[in-house]
């Protein structure tokens, strides 16, 4: 039996109308992911978009795929369950900087270290958007927020280095306003088997407009390589482009020093995902007759 | 007014009799920390020993200091509260490998990244002891446990690399059976201002006797440096000793490749702790008259 | 020609981000400073600034003004100003309007939505509203364009000021104060728009209103919302550490404290999550510094395990839960009273604790004192239950006397009486007898979540476990015995008793007054401390033919609300369903009145 | 000379790590295989192998043997064998002995603790126990030394086998089976020790016992504990995904499944914590694969937020909570029934769910089927409540019929009836109407914890929120209407009704039998589904003069237990305190009997 596969078009991917602020980078990400789905003809029915809570967390409502808008910081546990039992599905995860690195840190840690197969996009606007302007783990030192009226006192967490420290198998950074680079990066992430950690610089004009200077590009450094993603010199004409082989871990660690000003694939390696290993273990177990389930307990 | 300071002796530090299994490395750690307290004449009344749940978590009951045996994975939140409001206290934290890196991962992540002032000892027996033999995040691949009857399928988390990825300011590893090295390391950790992350190889003869080959030492590599801790060639005669400057971050990352076979200080740098910054911020704020608290809300 | 009205409710509804809240704030100040009582409920979307001209972008302020003191938002709005037709359509759905009331509708968008405008106006008329449409003058439109679309709110503010007969220059002065950071040029533009709105209103609006001033002196009055009040109360109660994680509607407590606390030697710690926040709070209290954490539903769920530890280890601890619509993420910017059982019984195991609710802004200020008193006496957790509507609504009130509490024993009997509780006994038995703070020599205290004997040693024997349960429960009995009767509103006997707690109090009180005016006799019983319950309830209930609860909680036949379940079990009185509506909107005095009529 | 006894309880108490459990297991097998019913409670320290010769190292097996079927552990032990005096002293504290019972005390350690031995023996005698002291023979002592201290348990096993008149060779055969992996040499050493113990017992023990064999055929019988039964039930119920985090006493469900599940196509996921475990379970069910998670108290507290999400998003989900002593970390290896409210009401907001308790090992096997049936019909969470004593105690029972459930509608009425529930209606209204699983074309389902309308769109309007509450609560009403009467043990009318649930059932049943034998008439009502409650309770209660609850929970005057609170609220009947003991030890039929006598 063959199921007829429908051609996926941009308009098929629309669901509810988004409710983000004007100019929010989440719009661009939504469109970017849709573009990838059209480009690679990913079937909406086979795609699950999982998210936590935050402005970013609303994305599943706006994307006409399967979707699970979960609770704050807990997108990875749900994704893990889905990935373990349904290898046929594409799992996209949307999570904010607070959702990822504050309340959700432990799950992200384990998602990365277990190498659960999914594309994880960390929407990094360096602020809590939905709860209105509180300091997040990636907020830059000195920024005045509702919870840091005297300016944030902490050095932000470096999400790339965090992922590298956990033995991540795919670590990349991109910016939503760099349309081409974003789609290329998400595509590479999607093609990777395992946990693809993608840090995405995301604009929040409402609460943190100065986080990303999207009108200039002289601060951007692209990591460029034939096995990576090409630097987007059209989107960012003044950016520097450096060669970096994604298989070079120490190089990746060294480049990560300049995060968040570096975009590209820092590191990629092949490694079986936890979900694959788990399924293999089940498959390799000789099966027993369910009608004799209790026979082993006979006196 | 001067308070008379009593001389601290080993016997003053005894509380309840320990209830660990014979040969458990937790005994050695308990004695090691007591030795340090005697050596440096740390006052029991000014010391708080905080722990999570696990065999390791019992340590506060056995140490005649202040103590808080908290809940599973949550020693850092309690320690944070104590450290923030009571800079006069020494805070020791005891946490197992599961307590630290499984359920407690998010708090450890934030303890490290916020650089909360305390000495954090991760008792690494590579197994869940107290709940009887389940796989932990540091369990070696292939080990048969109650939850991995076919052998653990995962690569263990590298705790040193994890800490380095988070910008830790003090990262060390030692083994409890190396008495001198252990005490030296904990002493260096204690003298560090900020979050001192100390990975401790800990024997669990009950459930994971093969984890640490404490009878041989040819597998051990000491990181040795005048600003670090000297290799313990008496305790580990066949160990290799390599020079490593704890201020060299890339070197630390590179040495961490061979964890858990490397003991010594991987990395140390000076950086204000979150609790210091917070207290300074409060202290630097001009004080207001509490009897005029509501005056600003007058119509 | 001004109609004189002692009480009125109106609203200003705009797209989010267009400044309705700001305009509302200035109006409130104007009313309050000029001697009227006000009560305001902000309407906030759960998103930040959803696209304009959608139902989701509805944002604004509902404002109630009166010559006399106000205890709640009232029932319906008599006058409503809408930026465009979509918001009017959305707001009609909530049925919060007075039949015969006035709708002022800006027609600026009519060009692009002619039919929609017509349809909505028709609908509004059909439900009995008078619709007055208006257009901004050209000058204002031009200035707003110059200001990148900002400034419309000043126009509406001008209209409102005119309609409520505020002296034009008086409100302009307030605008100047509020916008003191604006450049002279921008400020003037805003003032021009305001003046144009003022002028226009008098032309389009057939009626203006005059709300007489109170005779009370308002010189010492303050304007305060529930969460700010709580934050200030925390400072006054001698608490010096706050640990929290942002969550609507609790976050603003943290925002206020982040600004104010350091000047009084207090510290605000933003933890990585709610678990860590409650843990740090317990750590601080363990180390001897009074501490508090605040959260809302989802955060409460996360804190449960740690609350149990505080109970077992006997560490004082205060947890504020500002209830919002549930379950799960639910309705973050809507009100409910459905976390009672989760607060009191949510922790696994037998883990007795005290829950105190607040009925108004004044309670918010004093509840930290009482919570601190009880938790330090008992060394058991105290939960403070507020709710969305209490947390966000502003009120004019007399300046509150401060306590500047240091030693909890200095708390005044008056403040305890406000929460219907007497002073607790000097000594209360503890599971563990040594309770010194770190730093004290020779008293090294070690605490744990495991069961222990009196010396703190871990034991699992039958008798020691039963002993611990006994002692922890006896602590609650001590509180129970100290509880005086909850406040009775109205006569102590009669046909119908309405039982309420939290924010329902004000609404119920007003409904009873309305009923009395119609000659219907009904009383109410309002609880502050909702767990444990006082001992005299059966006595009170027996004096009424019918007892029902009035809550913003879910209940139906066969399923009493949570509070009702407790009361029924305690008294075996057949407490009925008064109102148990969980629509996310606060209760209305008129709905309660209607229900009273059903029941008597 | 053998005394014939139809029922007897004895225990073997050693230092942890010395093999008491192993010896106990062999004994049970011997009894069961030879045609006796057995019920066994392991005594486990909360630590792993605490230092020997301390009270904390007490480990062992309490074994009850009978000619007839057994439903519980009984009251007291008639015979107890102790490795040394410290354990005897510790165990005396629990008062679990039969007055006039026998104590066998190994005197090996007397040399180092002469006075202590004398004192403890004195104490045992003073409470009415007969103390028989013994010493191992020199050969055994020598072999044990060779075995590095191991093997003592074989000696005691030998003694027990002799005292209970087991044929020596028969038990030796079982030893050979159990130790089949040992080298021939070691095995023989163990057998020699065993034989020496056997011989010695006959010399030191004045009395032996003969428990007559049952007339029932035991050929198809199985030996099963509660948690293994649950694990097997999960497989038979067609569940194919387990996510958990280790916690005593739930872990052994995970251990059993880790071994057994893959052979039936199931997967066990050890998550990083309980939050992640319940999340993965929900993720699996969302993706279409029936799933379950199991935990104990502290883990339940952590799962609350996610349980609320499952409820709101309408994802079926099954959460097993094996109750242990609380609050907080409490008593991990002791029993309690104090998580009822945390299970049913612990989630913030109005979050209705179903709670099913298990009364015995058979229930454990079938409860996953019923939970799956209900949760998939309702798309609301179902909590399974077991408890420590049910989870660890072993029992001989007839081989259970399998269901091999695939489609939930194939569940048999019998199984539903075991839990006092009828088949649910074919269609039950959902908040959201599209409920397809991922992979189905054109039905892309998006779920959320926010409030939605029927199409799944996020809405915050008053009516839609009330609608969601109504529908979720109506699901519980559907269950409530399907509930039949809980099981009545004894006559349906009378003076005294004992209400129980969970593991108390067996104890209560036995107490009622004992009472009947003494001519006292009393009945019991046992609940399986503990929330919601069925509709006919008032009717049932009215037929009794007095109704009380019997639970391993905390209650006292003025403070009904949690279950009692529900019953009181539901029926307005003055349900009294029967027994509400939370000592960590299971209830005793004799204590219940004594209480019955107080009450009638």
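Annotations
For clarity, chains are labelled A, B, C and D in written order, and residue numbers in each chain start from 1.
Convention: contacts are C-beta pairs under 8 Å (C-beta built on N, C-alpha and C of every residue); 3 or more make two chains touch, one makes a residue touch a chain.
Everything numeric in this text was worked out from a predicted model, so none of it was measured.
Annotation: A-D is the more contact-rich of the chain pairs B-D and A-D, by number of C-beta pairs in contact. Chain centre most remote from that of chain B: C (centre = mean of CA atoms). The mean-CA centres of chain B and chain C are about 44 angstrom from one another, to the nearest whole unit. Taking each chain's centre as the mean of its C-alpha atoms, chain B lies 38 Å from chain D.
Counting only residues that touch two or more partner chains, chain B has 53, 71, 102-103, 105-106, 109-110, 137, 150, 278, 281, 285.
Touching two or more other chains at once are residues 262, 272-273, 298, 305, 309, 313, 328-329, 448-450, 458 of chain D. Remark: chain A residues 17-22, 53, 55, 58, 71-73, 102-103, 105, 128-132, 134-135, 137, 146-150, 206-207 touch chain C in the complex. The touching residues of chain D, when paired with chain B in their complex, are 17, 45, 47-51, 54, 56-57, 245-248, 251, 254-255, 258-259, 262, 268, 270, 272-274, 298, 328-329. Only residues 29, 32-33, 218, 220-224, 228, 232, 235-236, 240-241, 243, 261-267, 269, 271-273, 275-289, 291, 305-306, 309, 313, 396, 399-400, 402, 404, 438-450, 457-458 of chain D touch chain A when the two sit together in their complex. Those residues of chain A that touch chain B in the shared complex are 102-106, 109-110, 113-114, 137, 150, 153-155, 157-158, 161-167, 250, 253-254, 271, 274, 277-278, 281, 285. Those residues of chain C lying in contact with chain D across their complex are 46, 93-95, 297-298, 300-302, 304-305, 308-309, 311-313, 325-331, 333-334, 336, 338-339, 341-342, 345-351, 448-451, 458, 460-463, 465-466, 469-470, 472-473, 476-477, 480, 535, 553-554, 556, 558-560, 562, 564-566, 568-569, 572-574, 581-585.
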